[in-house]
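Naming follows writing order (A, B, C and D), and every chain is counted from residue 1.
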């Protein structure tokens, strides 16, 4: 099935495996005239890259994005933007024993059930490295949004039971690295400046599209909009955000809803939280089975982050950007009066109901 | 935008407003030869209906589904199945004051921002009643799944802070009804018999599709798969489900993952939890604004459930069924050997790599 | 497969069989605020109806379209417009012997190969009557186009070897009716007022979308744009339409291209010709086979037009309207400057290439 | 709009401009396990390449396709296959005067109307060179089809008024090259071994999908299936293909229908004819206008084929292959009995109608 595409008007298709020649993305439907250069993309790529700190993998990933098409003289042309990220530093040998064994917490078994076999080098298509292509595309979406005054920001919020930036979190990571174990985390994302009216009332609710985008990031096991799970405990009288007039504009007092009501943005900040499971690749011995149906014990080698959130935050930000950009373009055709005005036609419509 | 369609091969399109002539759904892509009669659908419609109990609305909704096409001689023909549910008992007068005022917690304001105006009778397209069409379609999907040995069941799990079936929950509902207030709830859904291999590795992950389906139900503010939010606190060594051999088959010991790894089903039960906000329609006075930008106080009249979960459970079940049915059909084309066998072609392929 | 849907933003889904309870269409994505009443649709339905003349079937088809949703107070609301056309006067008995025999020139055999069986009453889903739902939807699309100053008109051009309105054509029809035979025909369609820029450069060329729309009408075996087949004999110097300035606007001198160059409209009239095969249902005896693999001779009874073009013209017009309406909406997101202006954002973009 | 994608399950997205760094395609949804190497693709690329003969352009295009992902150990993995074709030998200077002038017969004016500006080097995205990416993708589709016993072949049929392989055609080409003029042509395509049942009854008719695919090739102005235009002159009694039994199979005697009835394949050969206009790039002086609205005369320089058909034949073949591959996969989910058998479920269905 064609499951590597995302979006309707601003549509991306990613490709590439962790240890193949390259990864990349084709953006089809980016409007013409957007100023775009590789540096605009690479500043996001950098955020996905393992940093020098203690929380992330030691694998070296230059991850330089190169634009192959769709940009001319510094501006997008309206035709597909193809971006390539070449693979280097691929230690396939780390995966040499993994072809016929199923790593717990990974897609290996499902992959074989679906396709009959798999490229086991580095998780192949299911590697976290696949997200680099999304970040490249998301960077373009975020640049487009910034033209309309929309900004999106995501960052890691908690690591295990601790705020992400605490000393306790840092100590936890150091300890896990020694033990060869891992921990879960959360990422919080906020989009500001989103006009009211984005999203559609039924299946293409803005929150439905966002949740799908966030759940499509490997290791996400829960998504909240606004108050999220806590709404199940709240009363309506407390959970409803009253409308107010502020500076002549309609706004909400409070934002339990996280900026979306009935699937449509209401002009308040859009608030999203993603819950990431602990990195499944751990060097602690685990029971598992081989493809041939025999049981075994596995110890996963290789350079793996003991926590996913820190590097995944930019992916959450980019996926959010991709949904908002597409929704922004889809929303342009919602009203006949605006379509008439767009095409310079006068209002020749008969009076309704007569 | 065309946001009333859902699915790729098993694709549905719903239509209709709460207080219009009727609601309905067209199912396009249901395979031919499925035994189907209206009673198969109406037993699900009944579960969505307000019961005589204390938890649900007093509005009378016969909600009889009628099949208009696509079934002949008791079997589906492969052509579109059109199902209609006529509206009766529509008290539009309850909504007479709502045209120019925005109910807190509702889509009213977003609707006007998007479309310029709205059909305010009963929430129009954003009414919970819209889900009756999904249930009709979901019933057909669930019947198809049962042919392959897949069963899905959802029920309300908690109401406010109490287990759904407790005396405390019942008392809470009774109290809220008197106060004109409402409470949140959760629904838990389990799908059994799902073969390993459904879902796709990147954007069309099975959990991404499921979360989008569940979030498309009004009032859902969080979705969990498997352990959900709790994974953010877990260690990898505890969260990974070891693989085992049981009765000659590969299974997981434990199911923290909720049956999905890397976006692909692993053969274990699929576990989903949805968090519903309190019913936004409450008779407690709330601050809000009018379309003309003046502030006011609103008291929402009409017959409204003080809690959404009890009637929404069957909607969760049906949306899950729709995703699984579509994924099941999409998965049939994943392997060349199976395609050859399907079309009765012999294996004439050259040896790979030579 | 979900093959009953058409369009991306302005998307329709048709349903219903020739001799079932009803046929219908759901229009999802029609912009809000379009003045619409049933009479707007029924004037097109009337053109599809068999007239009193000699060229069309004697079957009585009232074909009154009823709007079930999506219109409120005389205007479209932006939510799905469901239209139903009830079946009356269905002489299923005319088809009583056709369940197990394959009519030459019909889809019967393919249907059985695909679905295993079929609803043989009146051709079921493959009946020409299916087009009534398209006409209902097309009428709405054409009304939307008229708001932007676009008009579309199609009519039958030739019947057999004669101009459609000639005495020879009328005599041919009279003779064929007596013989129980049929003849082919052509329909010509012209769209005026289409702005330059509709359609996309590669797979979604405007002519590709139009040809698909026209070929989706049963019995069409060829489609031409502009000079069509004749271009294969022409020289480039004669076939290229020179650009000129007229009244300050860029126009083409001549219109060999039929208003489309490289898949994009150029502002000239869009010219389409469709070639219809003779009605396959004829009462002349024909060799054929039964489902069980035995040979037989068939004589198709029932009231059938001896020529398809006269009633199909409005269907060509409506399918053209559906493509243009969708293309018009899709085109709104092609340029960043226009998107900025649409959303009221100022041009904050950095200088390109710096 | 996202117009560079094609197909539903076997879905491709092409990218790249004539004179950019590279062109390419991503194939998403190719089943796993197909033996594939670059030579399989490059033998098709070679057929698109200008040959040494007199009929084609003198431009040198090595057009070597390189596979970047989706193939491992000589077999497709089920994940996206990314193919890149690097550009060399790009004489952008030939186009130096074309930025602000609209070439007659080209998309230049429509491009500017749509996007505001364009990459004028070599026609940019609208160059015939864009088809190289389709050929790369089509080669994979054709290899998949060959696994099921389906073969497709297309070749140029006529050049101007002459059969393609005649001395007259060769002389015509020689003369046109001297004059700087061009001529039209036709390409004929035949697909054998296509099982009955492919295609869907309404909008996704197999002929509708094929016509869209063929019309999406630049310069096509007409498409015929089977007898095509000639059916408008035929009688039903002559045009209907009788069914017969041959070697125990149901076949048609004659093939006026070109293998498709009611949009569904009937097991006979699928016959398609495409009409190409003369190459619009000619060195004969032509009247035209500049972007600024002034009139001028243009003489298009550069190396251009005086006839499109010879090199386009392989593109027609590949587009046909892409449609058939997708239709083959879509058709797998049409019947419940086959789905049950595919998933190894027993027939547990209740008796219909009871």
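Throughout what follows, a residue touches a chain if its C-beta (ideal position, glycine included) is under 8 Å from a C-beta of that chain, and two chains touch if they have at least 3 such contacts.
Fair warning: this is a prediction, and the values are worked out from it, not measured in the lab.
Student: Return the chains common to the contact lists of chain A and chain B.
Tutor: Output, common partners of chain A and chain B: C, D.
Student: Note the shortest touch-path length, in steps, from chain A to chain C.
Tutor: 1
Student: Find the geometric centre of each of chain B and chain D from their Cα atoms only, then give the gap between the two centres in Å, rounded to an integer.
Tutor: Taking the average C-alpha coordinate of chain B and of chain D, the gap between them is 41 Å.
Student: Using mean CA coordinates as chain centres, what's the chain C-chain D distance in Å?
Tutor: Using C-alpha averages as centres, the distance is 23 Å.
Student: Roughly how far is chain B from chain C, centre to centre by C-alpha average, rounded to an integer in Å?
Tutor: 35
Student: Give the residues of chain B touching no fewer than two other chains, as numbers and ranges.
Tutor: Only 1-5, 8-10, 14, 29, 32-33, 75, 78-79, 114-116, 125, 195, 201, 330, 333-335, 337 qualify.
Student: In their complex, what parts of chain A are in touch with chain C?
Tutor: So the residues of chain A touching chain C come out as 8-10, 29, 31-35, 73-76, 78-79, 144, 146-149, 195, 201, 328-330, 332-340, 342-343, 345, 348-354.
Student: State the interface residues of chain B toward chain C in the complex, per the touch definition above.
Tutor: Those residues of chain B that touch chain C are 1-5, 7-11, 13-17, 20-24, 26, 28-29, 32-33, 68-70, 72, 75, 77-82, 84, 114-119, 124-125.
Student: Quick check: in the complex, which residue numbers of chain A touch chain B?
Tutor: Within the complex, chain A contacts chain B at residues 1-6, 8, 14, 102, 104-107, 109-111, 113-116, 125-126, 130, 158, 160-161, 176, 181-186, 195-205, 207-216, 218, 220-229, 231-237, 239-245, 248, 250, 252-253, 256-258, 261-267, 275-282, 284, 286-289, 293-295, 306, 330-331, 333-335, 337.
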